[in-house]
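There are two complexes below, and they share subunit A, which is joined by subunit B in the first and by subunit C in the second.
And then the complex of A and B:
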């Protein structure tokens, strides 16, 4: 069951990501991004991370994608122009991506035996509720990263104001 | 002191954040036309006070806070002081930079401060998630600062390019953290070191380390990940380049030191080989690339790639000598590079009309003091004795030789010889070539250039203070390196103490309260 879910939604996520890159109209790309996000949410859920799956749907597929689509509509962006792209990007990028893929699969396949029986940290496998685990982690051990994220968001807002405002 | 440890340990970051927020609030109520200089002075005062707080923290020994996520020791304080000093020098140099040009100088000061908060958090956190958030804060603020001259095409290119490639590199860093977590069951650096001994998947752990190396290698512009550097440095405002070529790099190197020497000490022979390759490649590519540049900022960009290579050579040494050599080199490099870019700021001005080697012809006649300072910083970048650059290179290469990496030292010294050529080419165009006649052949900018040639603009007082500080720091590191070296050594020993023991057991490592208070101003 879990394997079937993984294969279906993993393939969907990959297909959506490829479609996002290959589509020429921004709206089509944005909609394929929704597919990617939703399939990722299902994958999280099948791994036992219900909270993460729900957050993924609400935040990414809900809020962020609506914003994306709004901006694309407001800008009235048409079909993008096709450029050749730089030859160096193809010459280096594709072999580079292939090399990283091979490296990752080599490492995972060579350590397959150990990975099969692994139980990562035990954070998600205890008897208590997943949401309780996440919130306990977030407000005790990882309190500082959680709070400091507010500075990160402040910087991002400040940057948006600076870059978007007209020079007086 | 009856404040809780969580307040004392992060007091510098709190002060900086509050100053930044205060600047944002005051900026909002100031009238559009008024000068933003008071805000700049406020930022400088806030940063200087964090320096004093850090200095005070040095006497308190090792502080751990937030369930072990934060560890303030001599190592993190060294980098706190360094980052604070770089920020002060940059702010002093850019107080007058925005006069009459950008309408959001207040946001500039706030962004610099927030970026500094991120960098400081990176240096003192022992938890990779915290490191990641600090890295993001510092990166995002530098992406924005790179595009601050909005009307200029190169500035927009710099900002976009830096943002896209930077996000790509950050993804690598995050994936590395995930793999390390998968292999060892923790994201805390000390727990990773403990988990590594019993990990059933050491290859995955090493792959995680390699991915983190890619992400941080991008931030320090080490060689295979350096492609963004020349374009971004060319397009970003000169004072910002001075900041972002030193402070975020120092923070990234601090993180790299912590991850490699504390998190993965068992794998040192393996990652030292990676570092060897990165160092050799960065030095060679940086120096060869700099040879044919005609733009001063691009030349300095390639030189900063080369300097990242020299610094990475320290990672191939034994921990004790390597860490202190890396700390010292970071300080020396920060002093001379911030100084060099402060001179470029003064020469070029906001519009950067003077930026190629040809524009620097006869600078010695027009502005002798600036030319002399530039010459001094360039000599330090070459590594001539009596400058900070000399001792930096000396310690790094002697540490590498001690560990038996003789060929790396040979490559480094050959590269230093190559580097002489382009630094001296700039010097010769400053000192020996005659200035072009006032009606320069360039079109409409020629008029402004001509005006600035005849008027011989003076250096404003804050910029003068900044230049003096950087020059004094470079000189001091070159003739009296003892103080900084002592601090670097205690930083090194405190870092090694944490890698040897668990963080809770590492207490009362540093008790050196008798350091003379001179020598850290830069």
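And then the complex of A and C:
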């Protein structure tokens, strides 16, 4: 069951990501990104991180991507031209991507013992209530990083307000 | 029954539950439309639909048949895949969220809870998440129609829904703080101690949160007095101007299904869900298994029905807001009030220890 979920939504996430790159219209790309976000949310949930899954859907698919779509609609962006791509991208990009893939799979395979091969969906069946654990961790041990991050976001919002304000 | 394995039984009962709930929900949607037409008519001193069947009771069926049989027109300049996808997203999201709603007391048959499709730990967040995905239906319909009125209507609607989602979400935090869980069952159980006195709106002192929720919910579902996205004297019909036949009917059904969902959430979070307002006083009189299962469902339906009637009453009474009034009301009044409610509630809970 969990493995089936993982395969289906992993494939959906990959397909969405590819479609995001291949589509020529910005709004189609944005919608593919929504599909990727939703599939990732299902993957999180199948790993037992239900709060993270809900936050992913509400924050990313429900708020940020709606604003993306909104902006694309308002700008009335048309279909984009397909380019042949720069030669540098082919020369560096493909070997670079292959190298990162090899490096990551090497690390995961060699450190398998330390990472403890996780049982996919193992926490799903026991239905733990992990919101309490997440919030206890967030407001005790990780309080300083949490508060610093919120101040960072506040600064970003203030910056946006200052930039958007009309000159007097 | 004995030759089925547990899993097969679970699967069979779940599919059955989904089918029954879906049919009841669709019927409820159809008859909410009739209820609205009838009640509005009585408020405006006329009869409303009265020709088809006794008291016009067959009107929804005839309306449904009419929208099926009408010609399905697609504008030439429309973005076709998205134009078709938009009503599906809108209706799909509106129907899915009822899956986590517990509409009766826990009644287990072979280990399967009869009156809830899925008991999820984060039920409340699931409903909020599905609501936030439903915005795409409106956004895409406006853009893909390639029509100025549709686009403006959908822009208004998207901006409105995103703005009021904040106030809506924050107004629910007080309830979650009291129940210490996002599970809808747990939230309902946390208010069932003394009947109506322990409901969150009375005993929980969440009456401010309830009014914030109520206003935000009106805006979320694009209903009067916040029905600017379909203000017919400014925008023709808003985001569904270009839609005809069944695709239009899907938007229409989505609006009413959303109304029902929002009423369910209000019932669960502020009015004790399926619990009786008299608490456990009458438990000794009607203590048979069947009555114990049926009465909570009746209470739940009665509460949801009261909310739907309130929706219709408000539509018949209040004029429409202006757009800037709507935005400043949401951001400058409801949002700070919701935050103040969270602070006061958490302070009181902390003081009580």
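Miscellaneous remarks
Assume the second predicted complex is superposed on the first by the 136 of 168 C-alpha atoms of A that agree within 3 Å, B and C clash if a C-alpha of one lies under 4 Å from a C-alpha of the other, contacts with A are read in each partner's own complex, and residues count from 1 in each chain.
By definition in this document, a contact is a pair of C-beta atoms (placed from the backbone, for glycine too) under 8 Å apart; a residue touches a chain by one contact, two chains touch by 3 or more.
These numbers were taken from a predicted model, which means no experiment stands behind them.
In the superposition on chain A, A:58 makes contact with subunit C only, while subunit B stays out of contact range. Of the two partner chains placed by the overlay, neither subunit B nor subunit C lies in contact with A:91.
Contact with subunit C, but none with subunit B, is seen for A:131 once the two complexes are overlaid on the shared chain.
When the shared chain is aligned, subunit B comes close enough to touch A:104, but subunit C does not.
Of the two partner chains, subunit B is the only one touched by A:149; subunit C is not.
By the touch criterion stated above, A:18 is placed in contact with neither subunit B nor subunit C.
Using the contact criterion defined above for the overlaid structures, shared-chain residue A:69 touches subunit C, although it does not reach subunit B.
Once the two structures are superposed, subunit B and subunit C can be ranked by residues of subunit A touched, with B on top. On subunit A, the surface touched by subunit B in one complex and the surface touched by subunit C in the other have no residue in common.
For subunit C in complex with subunit A, the touching residues are 82, 120-122, 125-126, 128-129, 131-133, 135-136, 139-140, 142-143, 151, 155, 158-159, 162, 165, 180-183.
Subunit A contributes residues 103-104, 107-108, 110-111, 114-115, 118, 120-122, 140-145, 148-149, 151-152, 154-156, 158-159, 161-163, 165, 167-168 to its touches with subunit B in the complex. Within the complex formed with subunit C, the residues of subunit A that make contact are 27, 31, 34, 38, 50-51, 53-55, 57-58, 61-63, 66-67, 69-70, 73-74, 127, 129, 131-132. Those residues of subunit B that touch subunit A in the complex are listed here as 17, 21, 24, 32, 66-67, 69-70, 102-104, 107-108, 110-111, 114-115, 117-118, 121, 125, 127, 129-130, 132-134, 136-137, 140-141, 143-144, 147-148, 150-151, 159, 181-182, 185-186, 200-201, 203-204, 207.
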